[in-house]
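Shared chain: subunit A. Partners: subunit B in the first complex, subunit C in the second.
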Partner chain A sequence: MFPDVRLSRRPLHFIFLCDCSGSMRAGGKMPSLNQAIRQSLPEMVQVSLQNPEAQILVRVLRFADQALWHLGTPTPVDQVLPQWRDLEAGGLTAMGDAFRELAAVLRTPPMEQRALPPVLVLISDGAPTDDVSEGLRTLMAEPWAAKAVRLAIAIGHDADLEVLQQFIGSEPGAGGERGSAGQGLDGDRRPGTPAERPGRRPLQANDSITLARYIQWASTAVLGAASQPRSQVGGAAPDTNVPLPDLPPTVLDPSDASQVVW
Partner chain B sequence: MPSLLPEGATLRCTGSGSAIRVVRCLGGGGQGQVFEVAFAGEAMAVKWYYPSCLRRDPQLRDRLAACISATAPNAAFLWPILLLEPDEESRGRLSMTEGSFGYLMKLRPPQFQPAVAHIAGRLSISLQQILRACFHLAEAFHALHSKGLCYKDISLGNLFLDPANGAILICDNDNVDVDGSDLGAVRGTAGFMAPEVLLGQSRPGSSSDLFSLAVLLFRLLTRHDPFLGRLELAIRCLDEPARRRLYGEDPVFIFAADDARNRPDPAAHPAPLLTWPIYPPSLRALFEQTLAAGARDPAGRAFTGQWLQALSACLDQRGLCPHCGQEVFPEPGQRSRCWACGAELPRFARFLTPEGAVLAQPGNALHHHHFDRLAGERLDQPIGRVEAHPRRAGVFGLTNLSAHTWQAELSSGERVPIPPGRSCSLDALARLHTHLGSVALAT
Partner chain C sequence: MERSGWLTPRCESRTGASHRRRGIPCQDSSGLWCFEDGSGEPIQVLVVSDGHGGSRYDRSEVGSLLACRVALEALQRELAGSRLSQHPDPQEWRRWLAEVLPQRLLERWRHAVLLHAGAHPRSDGAPPATLPYGATLGVLLLTPHWWGCTGLGDWDLVRIADDGTAELLNEEPVLSGGGEATLSLCMEGAERHFAARCTLEAIPADQAPFRLLLSSDGIRKSCGSDADFLTLARHLGDLAAAGSGDAAAAATAGRHLREALDHISLQGSGDDVSVAIARWGRLDASAEGHGRKPDGPLIVQPGQEPAPPPLAADAARQRPQAPIAPAGAHRHAAAWSGDQRRWHGSTPWLRLCLAALALAVAGAAGAALFGMGLFTRRLSAPGGASPELLGVLKQQVDTLCRAQPPDPGPGAASTAAAGSATTGASSGAASESPPAASADRGGAASPTLQASRLSAITDTLNQRRSSFRDLQRRAIRPEAFLARPAQDPTGALIAWSALQSSAARPALVPALELCPELREALRLQWQRAQVPAAPGAADQTGAPDSPNR
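Here is the complex of A and B:
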């Protein structure tokens, strides 16, 4: 028989940063976010099965009046769903505190000496109410934060896209205006506009289906890309430390009444 | 998952008589999604591309059409059968963008498991079946290259295997191209790509395929990446720039004879240290040739034919350790120890054929190429195999799998016929006259 040998693996930290401010109560945003995360968990397990060399560990940080770990222990992806508790909304938007809290766990130690690039997914529907610049500076001073795949999802039109963009890092070409957030995504792109990799700007989710789609993309395709290299297309080598995969195009059914518009 | 083709939808395509009914989405990859469909009363599979993929790879349609008309090199490929371009009515009804297309192929039979399941240690598989899977992989590339085609983007994700018999299935054949024609945008997957392709110095083709094949074979046989050794330990964040260094700028094979910088670390990389010594030196030499020297010299890589010879010879050398029962591959004429329990191995009885020697051990088989040097190595039509007696424990015989009656010379001097399907006990056998030639049993 083939010997039972231990596989060499590296940890991959996947961290959701969830805005749980009072405004998330409105328009069913909080239940939609809970639902979107819960639904992606089984798919994350599939990604983990397809990428045995990555040991995927999940955490959830919530921020309202202050940042608190909702799931603070780095948890193997297949053990998240059985212990999942829904996030609850109420309070302010202490995003700066969340960045400081995140910086503390990305420091070595507790962060491992060797790992795969962490994946950090920030989801917010409003403007920070604390000193976000200082928090972001603290975060980005951590090498693991700088190496991380950082994605931001803006829920509704009140999200602070500028802060979300600062979290992701400078956008390519630097020609983008605030209103163009979420464009350049495959399937969403206006004809004639240049192709751009998704995820380099905040993803704009104005309804529950789009939110679920972005969470799903981040927790499956992006997680997979950070776990192990994907097939490369095109003449040039990728210019980022983790080339982001395409976002599957949406198939929206306008007659579907379950789509809550915020 | 947002689906490109809604479940239950009916799709009519130009150039195909029957409509396609979408049954369910089977999964998505980097290029598109795969669906189970009903086509002309049969369950089939369809791959449908993301519009973004078609924009980045404008020659995909032409390449796919060429691939379909070339037909599958052998049965190991889950080959595209029909290009599917929706007619105007279907496109409008399903709000598809213009130029949207996919292709039809067979469904992957359920016994084929993803090769990553083996890498992850989730499959129970024998060394014999893994070696057979490796043989079939080299055979598939041999057939592909013989047709003047190249694969370009092989990785573990494209490979499936049947743990019961080592049969393989290669999926995602849409990057296959005429060697040298360069009708594609794909470069490959880091970790499997040849260094010169990863660095952008050349386009993928049959010679970079030979490198990728060796990587894949190494990973199947050792459950480890051939370039992850001590050099990896110096890398904190394993991302694209780090991989470019490990696999492109300074690729050092972990078992390179002339460069010990990247040896496996006993704590971090236990798998290759245990598995590599299992295999015969002749097989290990081909990895050395292709992954060490061949990393810098594309012309020096082992050819598919060399892999077929080395892998079939390795299968012929397979024995079972009498102490622990594990599969071992002792070198003929040398004293060896079992890699698993350390016990000294006996001199196994061997079948001596006109063109080879096969250990007379359960599961080992005689093939045409053991009798005819020009026959070419094949595993799919064994003429005889060592099998256990159906009732008497510990008794083994050579079973005649051919359609011809053989004559056995027993050690008593007696001659007995062995009709098709019957077996002759190894304890009594001295020599065998098959329809292809004589076989002596040397004990």
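Here is the complex of A and C:
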């Protein structure tokens, strides 16, 4: 209709930040992570088809001794699976470096002004071994990082939940309500307090099934919510822009004795 | 001698492709009013408004409609009784646009919103408030000697010169909070923000033809770049100008403009789109500038699309929007459903009161229908639930209950930790299946396995306590979950159990075979949802992967 006008969908950048430290070799964590990501890709394509106004572009940033882009070019979601290479584990946990790399790509340019809030999913099984505070400061200084939907998945019990919580944002509830053993609370609501929004605490994945479900949730339900733009009144907290859907069930098969718990 | 002036303006609003697909009403509105001041000088007012999306602003389509209405009425009331010639200083008008008008406008808007809120109380009992009606507002005021704009929010104003050169004159600065952040009428002290968007330009005697395009953000966000947006603005201005002449040409131009806006949303952002286009040019003996303009306010907001069957698998649904009568052809309030609404009125306050009364009656009727459970007509086609919903529910029950596990035999140790919930058959439970469908899935499992299964199911449902409570308190309706079963199968099952417990509507709810553990776990959740948690009460199972595992 308008040959000299470029009409286009709004870009939605979905970025996995994956811990590829040596500890991810243990217990089948790395194969489980690779499988979970691979399994989520076809469903992400379905989300893309259901939300044609958003152009979903996927990237993967791995961090071990340093942060390197595993898939550095924003790739249309339907083109990711054919070129997917499994992540490999080995080295330290340079999470701070990952945050600095991420900050660089969230600047404008290259980020488009008309882009939808990006979705950032941080997955880690341990504690950072570099200056993560400086990296996080660099990242959160970028406006697009503040606007982004930030999720964190802790693999196993050795993950640094405090750092993951800092990545997500301030803890819900005054004074920070933590469960026992540093785990997040569920959505049980006390009288007079607002319901806790799912995903506002690190998601704890202690087995491959739970990991897969959380990654599926992040890459489908959350992605679907982020694909539907909503205006927000200026000055409101960025996390009120994309209402996160409820978490998936994480039921262990009681008859499956082979399930490994990290 | 050639005389120049403002030609016939045009405004349009269209439901965005994304909203049409999801059955969400258009949250954009636009409007215009052509009238004369006290000395007979012609004045035009054009407005666009964009309601915010999201659950917090669930009445924003009303907010944007009211914003357009009160803006047109406020300006008409202020200017119809004044004489522009007696106030020739444009700066005096600029101050009025920046400081005085916003206060009056916000006062009227808040009053209209609270009137509507009072007539339509919220189901959660929250007091009337303006937040759910949040919307932006852009206003263009056109006189023979100057033109001005004011407002707040993420609308844009483009000027297109006679040679086709387009220039972005006015845009909202980038706010903290992101690309979707915008100022809003519902904000405290919103009046203060109008001044920053206020512009006033004098029109010289030899002014060449030009156009002004006022648009909501859905258009600019559909363009690959600002250069594309400016080129598009020029095209839209051309479409509006093509309607000069007789009524047939105007109708054709209107149709083309609507098709263009639909195309922009479909190929671009998917958002609702609105434009209001003003044209300065030579007035001649043709219909332009002489009585072809509506003599009352014209407000455009597409009527709510009939919601697609929410249980259908195909979420992509394009519905053609109904054709519209040419502007000025009729004075009527169009039907609310299916058609594009165009309001014409020469007695604005009477119309506003009648509209408020109509809304109050509609709200009371809607509440009665809700109480009668007629909304559940959407949930199930004649004869039961849709195959998709039934399939998802059965699959979710299977996932939670699992098939009959192999009996490990006497003396074999259980591999799963026992949960803390009690076992046992439920009696009179809210979630009990109909007697005819009460086949016991886990009947042959050992007590230890039953306990571990109940614990696992309880852990799953514990993550959704907020859903049980929201349904119990009617803060959310079951159909919100049942409309998207594939996306949220657990939510669909919880909503199913909520309807199951309603004695008034069991016939409309599909029957499911639950294992005793699932039945018991649901019963416990509903029991808990009725009791507020005591302050400081410890959480039993904590995170999805509790230490109990």
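Observations on the structure shown:
Quick note on the criterion: the second predicted complex is superposed on the first by the 218 of 262 C-alpha atoms of A that agree within 3 Å, B and C clash if a C-alpha of one lies under 4 Å from a C-alpha of the other, contacts with A are read in each partner's own complex, and residues count from 1 in each chain.
As a convention for this text, a residue touches a chain if its C-beta (ideal position, glycine included) is under 8 Å from a C-beta of that chain, and two chains touch if they have at least 3 such contacts.
Because the structure is predicted, anything quoted here is derived from the model rather than measured.
Touched residues of subunit A were counted for both subunit B and subunit C, and C has more of them.
Of the two partner chains, subunit C is the only one touched by A:N206; subunit B is not. Contacts of A:G91 after superposition: neither subunit B nor subunit C is touched.
Of the two partner chains, neither subunit B nor subunit C is touched by A:P11. When the two structures are aligned on the shared chain, A:P31 is found in touch with neither subunit B nor subunit C.
Of the two partner chains placed by superposition, subunit B and subunit C are both touched by A:L116.
Contact with neither subunit B nor subunit C is seen for A:G22 once the two complexes are overlaid on the shared chain. Look at A:P3: by the touch rule set out above, it reaches subunit B but stays clear of subunit C.
Residues 1-2, 4-8, 10, 49-53, 113-117, 143-144, 147, 186-187, 195, 221, 228-238, 240-241, 243, 245-246, 248-251 of subunit A lie in contact with subunit B in one complex and with subunit C in the other. Considering their complex, residues 1-2, 4-10, 49-54, 113-117, 143-144, 146-147, 179-181, 183-191, 195-196, 198, 203-207, 210, 220-221, 224, 228-238, 240-241, 243, 245-255, 257, 261 of subunit A touch subunit C. Of all residues in subunit C, only 17-18, 22, 50, 52-57, 134, 136, 154, 174-184, 186-187, 217, 220-225, 228, 231-232, 235, 259-260, 263-264, 267-271, 315-316, 399-400, 402, 405-406, 415-416, 449, 452-453, 456-457, 459-460, 462-467, 469-470, 487-488, 490-491, 532-533, 535, 537, 539, 541-547, 549 touch subunit A in the complex they form. On subunit B, the positions that touch subunit A within their shared complex are 1-4, 6, 28, 30-31, 33, 50-53, 55-57, 95, 114, 116-122, 124-127, 130, 153, 155, 157, 175, 185-191, 193, 198-200, 223-225, 228, 233, 235-241, 243-244, 268-271, 274-275, 278, 326-327, 340. If you check the complex, the residues on subunit A that touch subunit B are 1-8, 10, 43, 49-53, 113-117, 143-144, 147, 186-187, 195, 213, 216, 221, 228-238, 240-243, 245-246, 248-251.
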